[in-house]
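Order of writing sets the chain letters: A, B, C, D and E. Residues in each chain are counted from 1.
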Amino acid sequence: MILLVVMVALLVAMILALLRAFLGPGLYNRILAINNFGTKTVLFIAVVGFLFGRPEFLDIGILYALVNFVATVAVLRLTHYKELLSGSGSKGGE
Amino acid sequence: MTLIVLDVLSGILLVAGALFLLSGAVGLLRFPDFYTRIHAVGVTDAVGAGLILLGLLLRTTGWETGIRLVIILFFMALTSPTATHILAHAARRDGVRVWRKGDPRR
Amino acid sequence: MIATHYVYWAFFALMLIGLYVVISHGNLLKKLIGLSLFQVGVFLFYISLGKRYGGSASIISEDVRAYSHPLPQVLILTAIVVGVATLAVGLALAVRIFEAYGTVEEDEITDDDSTGPDGADSDSTGAKGTGSLHKTDRHGSGS
Amino acid sequence: MTQLPVLQVTIPLACAPLCVLVRSRTAAWLVFLAAALFSLTCAALLTEQVADDGPVRYRMGGWPVPAGIEFVVGDFSTPILLLVSLSAAAAAVYGHRSVAAEMDARRSTLLYACLCLTLAGLLGLTVTGDVFNAFVFLEISSLATYTLIAMGRRRRALLAAFRYLVIGSVGAVFVLIGIGLAYAVTGTLNMADLAQRLSDSGGNRAVQAAVVFVFVGLAIKMALFPLHAWLPAAYAEAPSVVSTFIAAASTKVAIYVLCRFAFTVFGASLVFHSMPGDRIGLLLAAVAMLVASAAACLQNDLRYLLAWSSIAQIGYIMAGVALATTAGLSAAYLHIMAHAVTKAALFGTAGLLLIRLGSVQLSALAGIGRRMPWTFAAFVVAGLGLIGVPPTAGFVSKWALVAALVERDQWLVLGALLASSLLAVFYVGRVVEIAWFREPPEGAEPVRPATSMVAAVWFLALLSLYFGIDPTLPDRLADAAASALLGTGGG
Amino acid sequence: MTTFVLIHSVLLAILIATAVAITRMRALYGATMLAALFSLVTACLFVLLDAVDVAFTEAAVGVGISTVLLLGGLALTRSREAVTPRRRRLPGAVVVLLTGGVLAYAALDLPEFGSADSPVQRHPITETYLHESQKDIGIPNTVTSVLASYRGLDTLGELVVVFTAGLAVLSLLGPLARPEQVRPPADFHLADYRVIRVVTGTLMPLILLFALYVLFHGDYGPGGGFQAGVIFASGFVLYGLVFGLDKAQQVVPRAALWLLISLGLLVYVGLGLTTMLLGGSFLDYDVLDPDHPASGQHLGILVVETAIGVTVASVMTAIFFSFAARGVSR
């Protein structure tokens, strides 16, 4: 029961993060929202395992924690290198 | 007896974690600019996720699941603040402006 | 009908959104993103065929009674890989197209092609093509 | 001997990484040549075996079907195996000098590797007895083909490859949806098992939708009108050796797969009787013949002209398939073989001209027939085959097609066929007129093309003549294929 | 079941909303971000639908590699999409309507979702894969048994597709730039941040370790060669992103990459040919250990997974390096 409550809270938090990702504005707000959503995903996977009685697949959660980080670094690095090349210091990509 | 204590304790941790997450998410949506939002999220996420993972840890039966939860906790503790840190840093370098009272919300 | 099939409807909607982007959007990168949406719709459709209520992941364990079907998962693993391979090749092509035409909008490229020197004679762009060939050659000769 | 079906596919497959590793152009070429010759040998042996002992089934990993994947080589697949291997071998002979003239050494090895992959993909697509495995092979050959097309000299090649990639992937996903729907209703992926479980599900709407999706997807892959948009640029901009090979093999394999799905998986009664597969097929075939031939007349670039003519030829083949009679299917198989040989020869010649002239704009071809008589004579022979003049293979197959159409009273399609042939006389004639009867530009020297390339082109042209004079072999293969498809299936 | 339907519907709604948002967003960096988010939601759905292996792959591919590649592609092209003109909308709408019509028609006769007696669940191969595989192969993760043994040929095909993609990208974007040709690093360098250097330095060995774990644990849990390969590659990608391309290429030289790309595929095909020489059919691992077929299967699957891991890791690394080097050398 408590797990279900946590799950609902997670889903609500996901939707809120999603709205932020839609609204932006700019690249940074989106990166933040996605990063946050990634954390929620890890927790979702952990909680779903317990909720349906097979909690042994947490490897996926580990992977997400890692990949989320790689993706964030990639976004920062690659968006920058674009701006350096084109020489236009745009404010957050929008 | 210990089982009930564990159960209650884990319940408290889970609910507290969920509350943290929710408050962080509301902050992410409602706060006026990037820096206030990253503040809301950066703090609550680490705590909320930590609490939920601890709560789940108290419910595990096998050591295999437990160790994975600990690993997730470790990775999250390592990566999440780092990501927040470089994100805020990069935003400041990039000239994302700080919101002052009276500015329009962005 | 809707109650038991709501899942399929959702996946079909997803496929159609992706398909629309692929056909109607002129930006080559956006087309590729649309293609992935289209594919993901199909992946989810396959996976949902294997799902069974009350079933669990098909990793055999003593205390589980019912499993979802492993076969759709295997198929989709393959399909995901095919999808990412296509994406990589498509992106590489888009990058080269940008270098050759200076744009990744399909309409602008078509205009450029019909008015540009390429339409009549291959010489000028042929030189361009060989230029890039030489470049890759320089990199490649040492490898 | 029992291992032949799998060797047929895996040896060309294994040659691809070898091509990458050897690092020298000639060595990579040798690897590709070896792969092509090996697969030709395999195909010939398999043809003999199938003709003697009936269909060969090969279970992968020793697993019982339908848990595992099986390869099935029957009468319906051996002509395609022979055709694909043969065009690969011709392309290999042709390719050595052609590639050397068109690109640098490092990319040449990648080109040969991709040719190996395309070959393996097409062969796998032909022999597989599992629908999902067919999807995988389809993607292997497609992805390799996109890469090959992108290696063309002009920047338009990149665009052609990208368009083909997007359209082709949509087609592949359509096939995937169709397979998924059929899987949802039957729970199996094995063709024979599917056929058995689908046989009593004629009224099932999901199965009908599956038929639609698989057919639309394959129609994209074989460039059936009106889903042909990717083809002209793709064939015309690819490196010569590539257009020689894929013009001969790849759309033909897609048609074969369509036949395989129609007759040995879904069943002719579902596709052509419960659903209007025959009427739609014939209609599209007729429109394709007319529109594409007319479009070919309007082209100013030889390779675009040939590519448009390919789309019209797909219409002929489709007409034969859509008749769903023994005569029709047999004619379709004959035309697949005849057109593959003819079109490979034509694209080969176009490649030769391209190397010497730097352009195959029709205006640039003035007088080329006098400067390169041997090369251009091959073009004329193959061009006659394209029109369907006796004694070429094109005549034999068109005659069979006409007979099959008359048998089913399809006069309108017959009319379209004749009109399209007339248009073919016009567009081939136009090229010949320019090349032979116009004055070459001032000071033009006779040019000597590479012997190996001319030899490959002449081999194909003579093959077309030989099959026109003595059509016993193709007739036998096509008849056996048609009756195998329409018979119990055996798929 | 109600819980399941609740979570499932919410996720589906999120998914479709995200898809719509992606189509409407003309800033392509934003669209890429949303595509990553889309992939996260997809992965949640896969977990919910019991497809843990697929979720694992989606994590590594969708969020990791696809995002990095899209960003790499964007960095080399243009990051803003032109407005879709009105005349382009019609063909899309027509095709979508037709396709949607056929799909809706098909849905009328599709089996009920999640039912235990749908044709898929009732077919005899379900029994083969779930129960007989325990006897014949003896691996708890049936997805791995089906993937590497029952349908080993499909997996070979999948590996060939990856290999082809590697060749395609290398032929299009050119082999990797040489380290000495790389321009001096620009002023913004993530390695300047001490925190990220330290964290990446700590994470790298852990990521590689995790990749090995995923490779060898694929028999018992979600994971396998492909996922391991992608994780390995994302380790190198992270390293290259933080410490710069030249450093990363010192760690993985180009010649080695070429070799490894081909090697995995050759080993896979070679294994198949070996089983044929030993008297079995292609990829029949039983013959590897005639006395104990199950241990032969174990050995075969292990070799296959390793081969996949090697090729996938090297192809993905090479693709990333190609994109990145293209940007640096311009």
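Here is the rule we use: a residue touches a chain if its C-beta (ideal position, glycine included) is under 8 Å from a C-beta of that chain, and two chains touch if they have at least 3 such contacts.
What you see is a predicted model; the values in this text were computed from it and never measured.
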{"item": "Partner chains shared by chain A and chain E (touch criterion as defined above)", "value": "B, C"}
{"item": "Most centrally placed chain, judged by C-alpha centres", "value": "C"}
{"item": "Greatest separation from chain D - chain, by CA centre", "value": "B"}
{"item": "Pair of chains ranked first by number of touching C-beta pairs", "value": "C-E"}
{"item": "Inter-chain centre distance, chain A versus chain D - centres from mean C-alpha coordinates, in Å", "value": "47"}
{"item": "Length of the line joining the C-alpha centres of chain B and chain E, rounded to whole Å", "value": "28"}
{"item": "Inter-centroid spacing, chain C versus chain B (mean Cα positions, whole Å)", "value": "34"}
{"item": "Distance between chain centroids, defined by C-alpha means - chain C, chain D (Å)", "value": "25"}
{"item": "Overlap residues in chain D, where contacts from two or more other chains coincide", "value": "106-107, 132, 136, 139, 143, 146-147, 150, 177, 183-184"}
{"item": "Sites on chain E at which at least two other chains make contact", "value": "4, 52, 72, 74, 103, 107-108, 110, 118, 120-121, 125-126, 129, 151, 154, 157-158, 161, 164-165, 168, 172, 175, 188, 190, 196, 203, 221-222, 258"}
{"item": "Chain B residues counted as touching two or more neighbouring chains", "value": "75, 79, 82, 86"}
{"item": "Chains grouped in pairs wherever the two touch, ordered by label", "value": "A-B, A-C, A-E, B-E, C-D, C-E, D-E"}
{"item": "Chain B partner contacts - residues on chain A that touch it in the complex", "value": "2-3, 5-6, 9-10, 12-14, 16-17, 19-20, 25-26, 28-29, 31-33, 35-36, 39-40, 42-43, 46-47, 50, 55-56, 58-59, 61-62, 65-66, 68-69, 72-73, 76, 80, 89, 91-92"}
{"item": "Complex contacts: residues of chain A adjacent to chain E", "value": "4, 7, 11, 14-15, 18, 21-22, 24, 27, 30-31, 33-34, 37-38, 41, 44-45, 48-49, 51-52, 56-57, 59-60, 62-64, 66-71, 73-82, 84-85, 93-94"}
{"item": "Chain C residues touching chain E - in the complex, by the definition given at the top", "value": "1, 4-10, 12-27, 29-30, 32-34, 36-37, 40, 43-44, 47-61, 66-78, 80-82, 84-89, 91-96, 98, 103-105, 107-108, 135-136, 139-140, 142-143"}
{"item": "Of all residues in chain A, those that touch chain C in their complex", "value": "52-54, 56-57"}
{"item": "Complex contacts: residues of chain D adjacent to chain E", "value": "3, 6, 10, 13-14, 16-18, 20-21, 58-64, 66-69, 106-107, 110-111, 113-114, 117, 120-121, 124, 132-133, 136-137, 139-140, 143-144, 146-147, 150-151, 177, 181, 183-188, 197, 204-210, 212-213"}
